[in-house]
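Letters are used for the chains, namely A, B and C, taken in the order the chains are written, and counting of residues starts over at 1 for each.
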Amino acid sequence: MNEPILSVRDLVVEFEVREGNLRSVDHVSLDIPKGAFMGLIGESGCGKTTIVQAVLNLMPENGYIRGGEILFDGVDILALPPEKLRRLRWERIALVFQAAQNSLNPVLKVSEQMIDTVLAHRKMSKEKILERASELLELVRLDPQRVLDSYPHELSGGMKQRVIIAMSLLLEPEMLILDEPTTALDMISQAYLMDRLQEIHRQLGITMLMVTHDVSNVAKVAERVAVMYAAKILEVGGVEGIFYDPYHPYTKGLINAIPSIVGDLSSKRPIPGFPPSLISPPDGCRFHPRCQFADALCSQVVPEMEEVTTGHFVACHHWKRAREG
Amino acid sequence: MTIIVKRLVLAILTITVAALVTFIVIQNVPGDPLYEWAMDMVQTSGLDFETAYKMAAQMYGYDPNQPLLDRLVTYVKRLLKGDLGYSMIYRASVNQIIAKALPWTAFVVSVSLLLSFSMGVILGTLVAWKRRSILDPLVTGYASFTAATPDYVTAMLLLLFFAINLKWFPSKGAYDIGIEPGFSLAFIGNVLHHAALPILSYTLEAVGGWALAMKGAAISVLGEDYIMAAKARGLKDQRIVTSYLARNSILPLITGLAISFGAMFGGSILIETIFNYPGMGWFFSQALMRKDYGMMQGLFLLTITATILANFLADILYAKLDPRVRLER
Amino acid sequence: MRTLLRNRRAVAGAVILILYFFMATVGPILVPLKEGEPWKAFRPPSWEHPLGTDYMGRDVLAQIVQGSRDVLFVAFLAALFAILIAISLGIIAGLKGGFTDQILMTFVNMMLTIPHLPVMMILAAVFRVKDPFSFALILAFWMWAGLARAIRSQVLSLREREFIEAAKLLKLGTAHIVFKEILPNVMPYVAINFVSMMRGAIVSSVAIMFLGLAPFSATNWGMMLNMATIQTGAIYIPQALSYVLSPLLAIMLLQLGGYFFAHGLEEIFNPRLRAHE
């Protein structure tokens, strides 16, 4: 496994809401190896989007990073002064938001927004910028003639998504983070998009982090997968390890719950119970109220990450018991 | 195309209705205005009553002895020729009066609108962009205070303190009597000196309103995803505030701009009267106070037409600025 | 009720409004108008005349107090008339729909684009307003349009709701629907707007009186201003400062009170507005 290009260390993020403090990310540590295609999966509301926002220090109004570091190439992003942070954004790490369709300014043409993006970081002539933009648009299988001259509302959802992805590659970043790139797209567009992302990964060798709750898409494209639950990471490993041989009871339950076109549906089982409140989470292991292997230890002590096989980590007290049971 | 056509039709319809209603109202003045005019002329010019009455009828634009329908036809014909009537007090056609008065009103209103809009928009954007600064309560407080005060009250207070008490500004006229009109610096300076307080009256009031409106629009735009996305792309603050925030927030305000333009003509009635500034409003209030129905009618029609046209233009302007509103479909 | 008290603006506004109301109702009894003593004209404030005297030597304070009654009465009437018209037309347009609705709405749009003040002034000048009722009517004529449109949309949305369908099924009749179902739902909105309409009426009525176009009451603040500035030129006399200033400040304070109260009410009923404080 390669050296990590991005290292999240003990990150804590909270949101101030009316009912109190919502801790969306609770002492999370995650390493993303250089050149890998990593997937971060988990249910809605588990905190994965927050991690992504925190990486570029783009918290919304009521969000606060309370602790931890995010090391990129040895430098803590969270400690960067504003101008350096601005330069880092998009030049070295590009972030494609959830519902990227709304990421485009409605009153500017696509070409103008491409130009904006580049001129904020480099000096380049408009013609050159548009040339490069055209190349990238072709990479995502869009017609530059048509797209560049259009306004966002003239393009379909799927097209806008691909425009943003093309835009994200303009400055040749070292890392690309995508947050739920396939939500709000129909199945066919989703498949198409996944293929394009794989192509980009293979051709350009960019490190990719895809955050999603759509487990099946991750299985298709990712090389490494991390599983997140209730503001904590439960398991990290290679994609085959996670899908064919999961260690954590939650991961097992997750994989078991995925329906497939082939196979017996009757053996599919959802995980009983509901995700916990992040304002007052359960003590000890977050998953213990829903876990069939839980005992007194689980309800008191938070499990640490252990390496169970090479490159595969789990945070569970009784993973051995779970493998037998 | 259909939207523009519909709006145009509505505009023309409104003007027509207004013209008709004005006609009907003026026709129904209790008593006989021609009688008063005629008496006045008898006393001042020594004419006999018969002739005076006929002349009054001519100036007024109609013969009261004719049936209503004929009077209406004459009226409409006159209007289509562009003749807006005759003023009894000034013994001149309303068109002539408008030619002299309109430039002054247009000057003051345009400058006021420009100043208040630009200052308001900038303030509003700043307040929205920099959350939780001192600016917010200051601007909001100022806006509330000025919004509650009627513009003529502000005007009178300004007149009282700056023109009469402190004598920093003149209290009447568009320029001093002794100065030659022309493009000389002295003249322009003098004009500005006289126009300063009227412009201030409008502007002080309006800035608050624009700032608040812009702040509201900007805050809702700031909540949009593309602002966050723009930050993620590493765009400079300056670019985000201008091309992403302001440009999207201003759109709803543009319609308000044109509407304000029309509304200011209404406001000019009192402000110009208070400052004795010889614009459309001043002449209108003279007509009202001295019962010069011909001038009342003519000035009113012009004001209404200008207002309605301004609204119409605002709609078109908005459609042009917002690419999401399609005209040709 | 508690939220009302917690909102400082609304409370401040309410206090001011109550003071004015008090002044309008009880005031004239406490501070009666008296005949003037012309040799005392244009006096600055003193113990005997706290706000000075006018051009006829009459007490300015008494006139302001009396004037509050005139102004508030006309404004109240105007708002009342406007609301009655707006509710009637709004409900008719909303319920009947179709052609009637189209005509009414076109009419409303026209009324909204025509500038109000010049029209009201012409009407006042032509018809020589002699009493508060006709004055209020003229004012109301231009105020109902916006409210009518809002009521119509509310009616439209209410129309689709179940209890209207239920009432129709029970054949309870249009009158019942209107009075028992629609009106109660529309009332809160109307109540909030009542204060704003009164404020608008005050501004317009004072403006019209300022030009001397509705001379039925000599103590109405607008009329006072007319006498002070245009008729007697008191504005140029330094000692008569309080004479000119009093009606101005009276208007300003009343408007401020109304503004804060109306805005406070709006904030209470629409919590979204509070989100950015």
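We adopt the following convention: a residue touches a chain if its C-beta (ideal position, glycine included) is under 8 Å from a C-beta of that chain, and two chains touch if they have at least 3 such contacts.
Note that the structure is a prediction, hence the values are computed from the model and not measured.
Visitor: Going by the average position of its CA atoms, which chain sits the greatest distance from chain B?
Guide: It is A.
Visitor: Looking at every pair of chains, which has the largest contact count?
Guide: B-C
Visitor: Between chain B and chain C, what's the gap in Å when you average each chain's C-alpha atoms?
Guide: Comparing mean C-alpha positions, chain C is 23 Å from chain B.
Visitor: How many Å are there between the centre of chain A and the centre of chain C, using C-alpha atoms for each centre?
Guide: 58
Visitor: Name the residues of chain C that each touch 2 or more other chains.
Guide: none
Visitor: Show the residues in chain B shared as contacts by 2 or more other chains, in ascending order.
Guide: Expected reply: 131.
Visitor: Going by the contact rule set out above, which residues of chain B touch chain A in the complex?
Guide: Interface residues on the chain B side: 131, 224-226, 228-236, 239, 243-244, 247-248, 251, 321-324.
Visitor: In the complex formed with chain B, which residues of chain A make contact?
Guide: Its residues touching chain B are 56, 58, 60-61, 86-91, 94-95, 97, 99-100, 102-108, 116-117, 120-121, 151, 153, 164, 167.
Visitor: Can you tell me which positions in chain B touch chain C when the two form their complex?
Guide: 10-11, 13-14, 17-18, 22, 25-26, 28-30, 131, 144-145, 147-150, 152-153, 156-157, 159-160, 164-165, 219, 262-263, 265-267, 269-270, 273-274, 284-285, 288-289, 291, 293, 296, 300, 303-304, 307-308, 311
Visitor: What residues on chain C touch chain B, complex-wise?
Guide: Listed in rising order, the residues are 106, 109-110, 113-119, 121-123, 125-128, 199, 203, 206-207, 210-213, 225, 229-230, 235-236, 238, 241, 244-245, 248, 251-252, 255-256, 258-260, 263, 276.
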